[in-house]
Every structure is written in C-alpha cells, then in structure tokens.
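Common to both upcoming complexes is chain A, partnered first by chain B, then by chain C.
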Partner chain A sequence: MVQQQNQSSRGRAVSDKANREMKYVISFIFMILLTAAAFYLVSTGAVAEHLILPLILILATIQVFLQLFTFMHLDQKGTAFYTIFIIAGIFFAAVCVVGIVLM
Partner chain B sequence: MEVNTEIKSTRNMPNHLETTTLEGRNKVLGFWLFLAAETVLFACLFGTYLALRHQSMGGPESSELYDLSLIAVSTAILLTSSLTSVLAMAKMNQYKLKAMLTWLGITVLLGLSFLVLEIYEFVHYVHLGHTFMNSAFGSSFYALVGTHGAHVTFGIVWITTLMFQAAKQGITRETAPKLFVSSLYWHFIDVVWIFIFTLVYLLGKVG
Partner chain C sequence: MGTLLVLIVFALFLVAIFTGGYNKDLKGLLEKSTVWDWLTTVDHKKIGILYFFSGIFYFVVGGIEALLIRMQLVVPQNDFIVGDTYNELMTMHGTTMIFLAAMPLIFGLMNVVVPLQIGARDVAFPFLNALGFWLFTFGAILVNLGWFFGNAPDAGWTSYVSLALNEYSPGPGIDYYVLGLQITGIGTMISAINFLVTIINMRAPGMSFLRMPLFTWTTFATSALLLFAMPPLAVGLLLLMFDRLFGANFFDYTMGGSSIIWQHLFWIFGHPEVYIVILPAFGIMSEVISTFSKKRLYGYTSMVFASVLISFLGFMVWVHHMFTVGLGPVSNSIFAVATMTIAVPTGIKVFNWLFTMWGGEIRFTTAMLFALGFIPTFVIGGMTGVMVALPPADFQYQDSYFLVAHFHYTLVGGVVMGLFAGAYYWWPKMFGKLLNETLGKIHFWSFLIGFHLTFFPQHFLGLFGMPRRVFTYQPNVGLENLNLISTIGTIGMAIGVLAFAANVVLSFVKKEKVPNDPWNARSLEWTIPSPPPAYNFVQTPLIRGYDAWWIEKQAGNKSMKPAEPIGPIHMPSSTFVPFLMSLSLFIAGLGFIARENFAAGILGLIMFFITMFVRSFDRNHGCHIEPEEFDQANKGVKA
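And then the complex of A and B:
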C-alpha cells in the first residue's frame, strides 16, 4: 500500500516537474511576444502617438506579472507575505513616480 | 508511512527545498522585503528620469541617441537569462547539481554579454556628447540605467560565487536558499529592465 502510494506520488512528482518547466518556457515565449509587440508598436508607428505610452505600459505590466507569478513563484502556496511585501512596494513606488513626475 | 513522508519532504515538493529550514524561510521572506525596497529605489530614479528627460541643454536628444536594434538584443539576452535562471532553480529542486551549474553558467554568461553591450552603448553615447555631467537628461539617464547595470554586475559576482560554493558543498539545505534568493534577485533585475526598455528607450523614441 505504502509502496503503491510512493510510486504514484513519485509519478505525479515527475510529471509535475515536467509541467513546471513547460510552464516556464510558455511564460518565456509570452514575454518575448509581449516585448516584440512593444517594439513593433514603437518602430512602425502603427497606432496614434498618444496611445503608444498606455499600450506599452500595459504590455510591460503584463510581463512583470508573468515574471512575478511564474519565474518568481508567487503562484505557489505559502507566498502570501511575499505578495503583501511586493504589492506594498509597488504601491509606494507608484506614489513616488507620480509625485516626482508631477512635482 | 515514514518512508512516505521522507519521500514527500525531499522528492514530492519540487520547489520548496529553499524553505525546508527556518533560516531558509526567513531568508526568502527578508529578501522579498528587500525587493520591495528596491522597487521604491528604482521608482524614484524612474520618476527623476521621466521628469527631466527633455532637459537635454542643447546636447543630443533621446530620439537621436537610442538605437532600438541594440536595445532589442540586450532585452532578448536579459529575458533569456531570466529563463535559464528559473530552469537552474528547477534543476536544483531535482538535486541535479551539474545541470543546475550549467544553467547558472549560461545565466552568468548572458549577464556578462548584456553588460558588455551596455558598456559599448555608454561609450558610444559619451562620444556623441551625451555624458553624466552634460545635462539633466544625461544625469538622470545614467543614474537610472547605470544603477541597473550595477545591479547586473553585482548579480553576476554573487551568482558566480554561489556556483563555486554549490560545486564544493553540493545542493544542501544551506546552499539552496542562497541560490534561490540570488535567482529572485536576477528576475527582479529583469523586471526593472522591462520598465527601462519601455519607459526609457521606447518612450524616448516616441518623443
């Protein structure tokens, strides 16, 4: 019984690892695509100039969340405090940027 | 039953080797607090740059300076190094020392080539008259991009020393948290670069 459990959990662990590495690669491909999209928007002038900044900012933000939740493992269990810290950091960072730019 | 828990603690928890000890958990927790503080540091530099980026004092302006193809190459290099760094952590949690060291070695090499490109870029700009002392645009540009470059340099040195330690001591409860934390740092460098290429280079081209 125990052995059977071991074998099945081992099998699950192996497929988990394969899935995880696959997830990293997929996330990486998305990041490359988002980066390429941002470069494309700027270098071809496909959209109106006043739309470019919000669009590339959205693309960058999606990329950052991909980094945080896949590469930096915030999607896993037991990371609530890390998330609280980094969100607090992002909040103060946003206050600083807006404050300095508008000053 | 005991055998089962043993396997669970080492084999069945793929990404938790770094948090198996209290010290490891505290290291990771403290490091996230550090990253939050770093976010604010870079935010201040970004704010300064965005406020001053048009004050070029007759020197070259951002749209004349920046070369998007060079930036695309360094962006690709840094993004790839972020992937190799996370793959190294995956290998660490499978106790594959050689594979982990290989991925970390690739990460360091990619970081070095990023640094070489950045130095080339800065030297090129100085020849064009875009220096730290030249204008408010120059000061804020070099302060922001230079601070990022300094982080890359430190990351390269840090990861290299950890590679030597891991080669000597193997993947243990001592070395795993250190390696994991250095990998978090490397991803953070990449996150900052995403905003640098967006807000400095791409925005600089738009005007």
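And then the complex of A and C:
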C-alpha cells in the first residue's frame, strides 16, 4: 500500500517534471516567435514607421517577463531578494534616465 | 619584438602546464612553496590579507604622490613639479587612492571578517573571490604602468571628456586609465555579487537579518551599491575606449556625440562610489565603538535603516557633481534637495554612536581613538558637504580648494580613519598578534594632528580663490602662509603612516600569540582561534540573538552552542586559474594600449577564453577535512 503510494507519487513527480519541461519548451518557442516577429516588423516594414518602435518595445516587455518567470524562476518560492534587487535596479535605471534625458 | 618574446615564453609555459610536460618533482616542490600557496589560494582570509596588503601598498604610493604635490605647492611659483608631470601626479593620486587603496583595503577587511561574523566557512564562490582579487591586482598594475611606459593618465581622476579624447590627450596615458580600471572594475563587480550571495545564503542557523553585526550589514549595503554602480562606469569606460582606440565618436560633440554623457555615466558611478567606501567605515566604527564602550550598539535597527537608506539615496544625487554644467535650475534644485536628505540618515548614525558611548565603560585603545577622532572629523566633512550641496553657493566653491578640503575630510577623516580603526581592531584576528598600543597612539595623534593641519587651511585657501588641479599660485595674494601650514601638516600624516608600518613589522617579529577574544568583544569572529583555522568553525554555531558571542558570555558559556555534530568539512581546492585569467586580461589590455595592430590584445583575449574553457570543464569539486585532521589544519594563516 505504502509502496504503491510512493510509486504513484513518484509517477506524479515524473509527470510534473515533464509538465515543467514542456513549460520551458513552450515559452522558449514563444520567445523565438516574439524575436522573429520583431525582426519581421523592422525588416519588412509591414506597419507604419512610427508604430514600429512602440510595437517592438511591447514585444520586448513580454519577452522580459517570459524570461524572468521561466529562466530566472521568479514563479518559484524564495525569490524575494531577486524581486527586490530587480525592482531596485529598474528604479535606479528609471531615475538615471529621467535625470539624464528629461532634466 | 620584446612583447613577442614575452608572449612566446608565456605560451610555452602554458603549453607545458596544460600538457603535463614538466618534471614531477619540481611540480611537487612548487606546489609546496609558500608563493604558490598564496598565488592559488581560495581561502577568504588569505585573499583578504592579500587585498589588505595591496591596499596598504597603493595607499603608500598614493601618499607619496600626495607628498610630492604638497612639496610643489609649498611656496608660490615653485618649479619642483610643473605642467604635465603635476597633472599626472594629481590624476594618479586620486585614481590610486580611490580605486587602488580604499577599495582593496575595504575588500580586505570584508573578506576576512564577514564570513566569520555570519558563521560561514568561506564565501559563497571562493573561486570568484580569488578571481576578483587577481583582476584587481593586474588592473592596478596596468593603471600604474603608465609611469614607466609612455605617460601616466593626466586628465584628473574623473577623466572628463573632451580632455580625455585623443585630440587633447595624445599618448597612451588615458588608455592605461581606461583599460586598467575596466579590469579592476570587473573584479570589483564579481566580489560584490559574491558578498551579496554569501550574506543572503550562508548565515549560521539563528542569524536572522536583524541579528547580523553592523559591519556585515554595511558590507551588504556596499555590495548592493557596487552591483548597481559599477555597470555605468563599465559602460562609460567602454565608450571612452571605443572613442580612443577605434575612432568612435560617442563623446566628440563635433561629430554628433555628447561630452555630458561621460559626466553623467561617471557620476552615476562616482557618487555611489563615495558611499561604497564610507559605509564599511561606518560599520567598522559601529563595531569598534560598541566593543570598547562595552555596550550594545544604541539604536541597532535605526543604524541598519540608515545604512540601507544611504545606499538608496546614494543613487539619487549624482547631478550635484554637475551643478555648474548648466542643466538648469529645476534639475539643480531637485538634486540639491535629494543631497541634503542624505544628511538625515548620516546624522542618525552619528547620534547613535554618541549614545552608544554615553554611560559606557570606555577603553581608549588605538582602535577606539581612531573611532573617536573619526566622529568630529567626519561631521566637519559632512557639514561642508551640505554647504556645497547648495547650487548657488556651489557656483562659488566649485573647482576650488574648498572642495579638496571637503572631500579629504570625508575620505581621509572618514574612510582612512575607519580603516585604521578596523586594522587595529581586527589585526589580532587576521594574524594572531596584537599591534603595539604605544606605537598605535603615536600613529593616531600624529596622523590626526597632521591631517587637520593639512586640510583645515585648505577650506580657507579655497574661499580665497585658489583653484584645484593647478600646479602653482601667485605670491602676495594671501595664499603663502596657509599653503605652508598645509604642507607642514603632511609631515604629521607621513610620521603616522611610518609608525603604522613600523608597528606592522614589529607585530610580525613578535612571538606572543593572542587568545580568541583579546578585546572582550561581542560578535562571532571572536569565538574562534586567532588566526582562525582554514575551515573557521569546527561546528557551525547556533545564534541566539544580536551580539551572539556577548549573549553566550553573559550566560556564562565558554563557547557558542553548536548547530551541527562534528563531521568532515567540505572545502574548496586551490586553483591557479584565476591568476591565469587575470594575467590574460592584463596582456589583452596591454596589447590594446600598445595599439599598432591589436595582435597581442587579441592573443590575450584568446587566452582568456581558453582559461574560461578550462574552468568550465574543471571537475575538481573540492576536498574534505576529516575530524582527525582538525589539529593539523588548525595552523591557520601564516603571519
């Protein structure tokens, strides 16, 4: 009985692992698609020129979040410090940009 | 030709190492030698000592440069050192003191003390620790090579463009600055990440964040500052390198570049840099004052808060170095207000130190004297800091000796005094021997008096209109006497440093060893032998509160409660790869400075990637020290 339970839990762990790996593959495919889309927009001129920059910036933002959550594992527990440091970094960068560009 | 010869010999040497084509006996002898031991060590205490002595070496070099500067300025229209040589001296004095003296001295103390204070056996990445040190060393050598080959950097420690561009600074001088600092910067960045990870992950059981000693806290804040401040410098240096070596035009306004960008990038790094060097000094002060007042640090939580707040605000104020650039009144006032807010957390710290001493049982050891001398000196520096933070007034002060006086009061009166206090305080822990107290007091008094004699008159020199970075001044405009006094003061500081050097030599000659806890101190590093064994703690201690060791002493315990049974201890193995990596970057830097074609530079980079490859496939996962070997391994660091 106990053994069976162990086995089934191990079976679940294996399928969990497969799921997680699928998650990486899927998000990796998404990242490649996003990058390809950005290249497509810039190289073919499919949209009006003044729209290109905002569009690729939006694509880049989605990309950053995908990478943070899958490759940097921000969806897991115990990542408070990473979050604090990332937010601090973004904040300092924002201050510098405001200081240099707008002032 | 000479370069080629050196490279060939070096390549043969490398081939010999990697193919094993060497004499086995000789290799055995080499590996047993002390020099090899220090070249390949990954032990945080030994790396700390290496950092510390490199720092002292460059402190003396920078000090000699300062003495020469003051010699030139002793009388008006002196012709002892003029023109380019003077520019080189004052540039290298600043660069050396900030990057090559203050930083390694701080990293030295952090390396030795922080793992001991948090109950860890080493830092999180011992390999990176060694790499950080060797990158620093080779970068520092590269910056100073300018004295011997070509010319030394001469555009000021800030190396402002357009002055630092090819057109106005021909010759390799600025290249040495750019590439040398780039290499030391990589090392600094690596070490900062290492300390962050160490402090977050390797604290002993029970050591929560609000039980960490204050020096560990300030190390944490400093490392976070470095993490965010070094990249702008790296980018700035990279752009300058492209402008100088490869004909780019980032800073050339005639080609659409902008010279203000360099100032922004430099000061986005440069202002946090001054907090990077002062925060660890604050931490040392807190430890020393608390220990020698025999009292718990007053307002511990507010001290932690103040440290974090200073490091946070440190990024909001860089434009106060650029008030006179002409960024406009809105920008100037916002950054002026932000700058003045920093006086608040600093004030919190000063009052907390005073309240720690209030009613304490004060012992006037040398370390405590330095801490006591630090407080009023630093407060004067902070006060002039608020003065120069006012944009209208700053237009008067800027580029005058008032500024020189201000930042020497904070950097010498703050950082250097803090580091001396730390040296006297932790010397027994580093080497197992006390520094002589009488010599120490001679050191303190001559240094303190000499310091104030040198720099106090400079406030007035500045107010009377003497510009900084200019190699001479006119007679009969009221500058003679104060300059003379200022130069006389440097003799006092020189005597102080000589007394310290004598003290260091005497401590190595001395036979008597000190016990674990010579100062009746409070934190974890004093629970283990002096000097500590390679593995630091036989058993990881259990922490029951802030001032962990003091709590146990009050409870009548002779040692810390262990948090684990005695067992084999995993230790990292020594490695020569960090040395080779840094050496190859050094060769690359030298090759790029030599210009011509960049053959040697590219060769150095190839070597660098080979060493990275070697490191990636290194299967050595360290060794274990078994409990039976503890006594043999207990020899510790050789003094």
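Keep this in mind: the second predicted complex is superposed on the first by the 92 of 103 C-alpha atoms of A that agree within 3 Å, B and C clash if a C-alpha of one lies under 4 Å from a C-alpha of the other, contacts with A are read in each partner's own complex, and residues count from 1 in each chain.
To be clear about the criterion, a residue touches a chain if its C-beta (ideal position, glycine included) is under 8 Å from a C-beta of that chain, and two chains touch if they have at least 3 such contacts.
Keep in mind that this is a model prediction, so the values were computed, not measured.
A.B. asks: Kindly classify A:E21 by the partners it touches after superposition: chain B alone (first), chain C alone (second), both, or neither?
C.D. replies: In the superposed model, A:E21 contacts chain B only, not chain C.
A.B. asks: Looking at A:L55, would you say it contacts chain B, chain C, both, or neither? Reply first, second, both or neither.
C.D. replies: Neither: A:L55 stays clear of chain B and chain C.
A.B. asks: Is A:H73 touching the first partner chain B, the second partner chain C, both, or neither of them?
C.D. replies: First partner only.
A.B. asks: By residue count, is chain A touched more by chain B or by chain C?
C.D. replies: B
A.B. asks: Answer with first, second, both or neither: which of chain B and chain C does A:G99 touch in the superposed model?
C.D. replies: both
A.B. asks: With the two complexes superposed on chain A, say which partner A:I86 touches: chain B (first), chain C (second), both, or neither.
C.D. replies: It touches chain B, and chain C stays clear.
A.B. asks: Please identify the positions on chain A that touch both chain B and chain C, taking each partner from its own complex.
C.D. replies: 81, 85, 88-89, 92, 96, 99-100, 103
A.B. asks: Which bits of chain A are touching chain B when the two form their complex?
C.D. replies: 2, 5-6, 9-10, 12-13, 16-17, 20-21, 24-25, 28, 31-32, 35, 38-39, 41-43, 49, 52-53, 56-57, 59-60, 63-64, 67-68, 70-73, 76, 78, 81-82, 85-86, 88-90, 92-94, 96-101, 103
A.B. asks: Please name which positions on chain C make contact with chain A in the complex.
C.D. replies: 200, 224, 227-228, 232, 261, 264, 268, 312, 315-316, 318-319, 327-328, 330-331, 334-335
A.B. asks: What residues of chain A sit close enough to touch chain C in their complex?
C.D. replies: Contacts found on chain A: 81, 85, 88-89, 92, 95-96, 99-100, 103.
A.B. asks: Using the touch definition from the top, list the residues of chain B that touch chain A in their complex.
C.D. replies: 1, 3-4, 7-8, 11-12, 14-15, 19, 28-29, 32-33, 35-40, 42-44, 46-48, 50-51, 68, 72, 75-76, 79-80, 82-83, 85-87, 90, 93-94, 184, 187-188, 190-191, 194-195, 197-199, 202-203, 205-207
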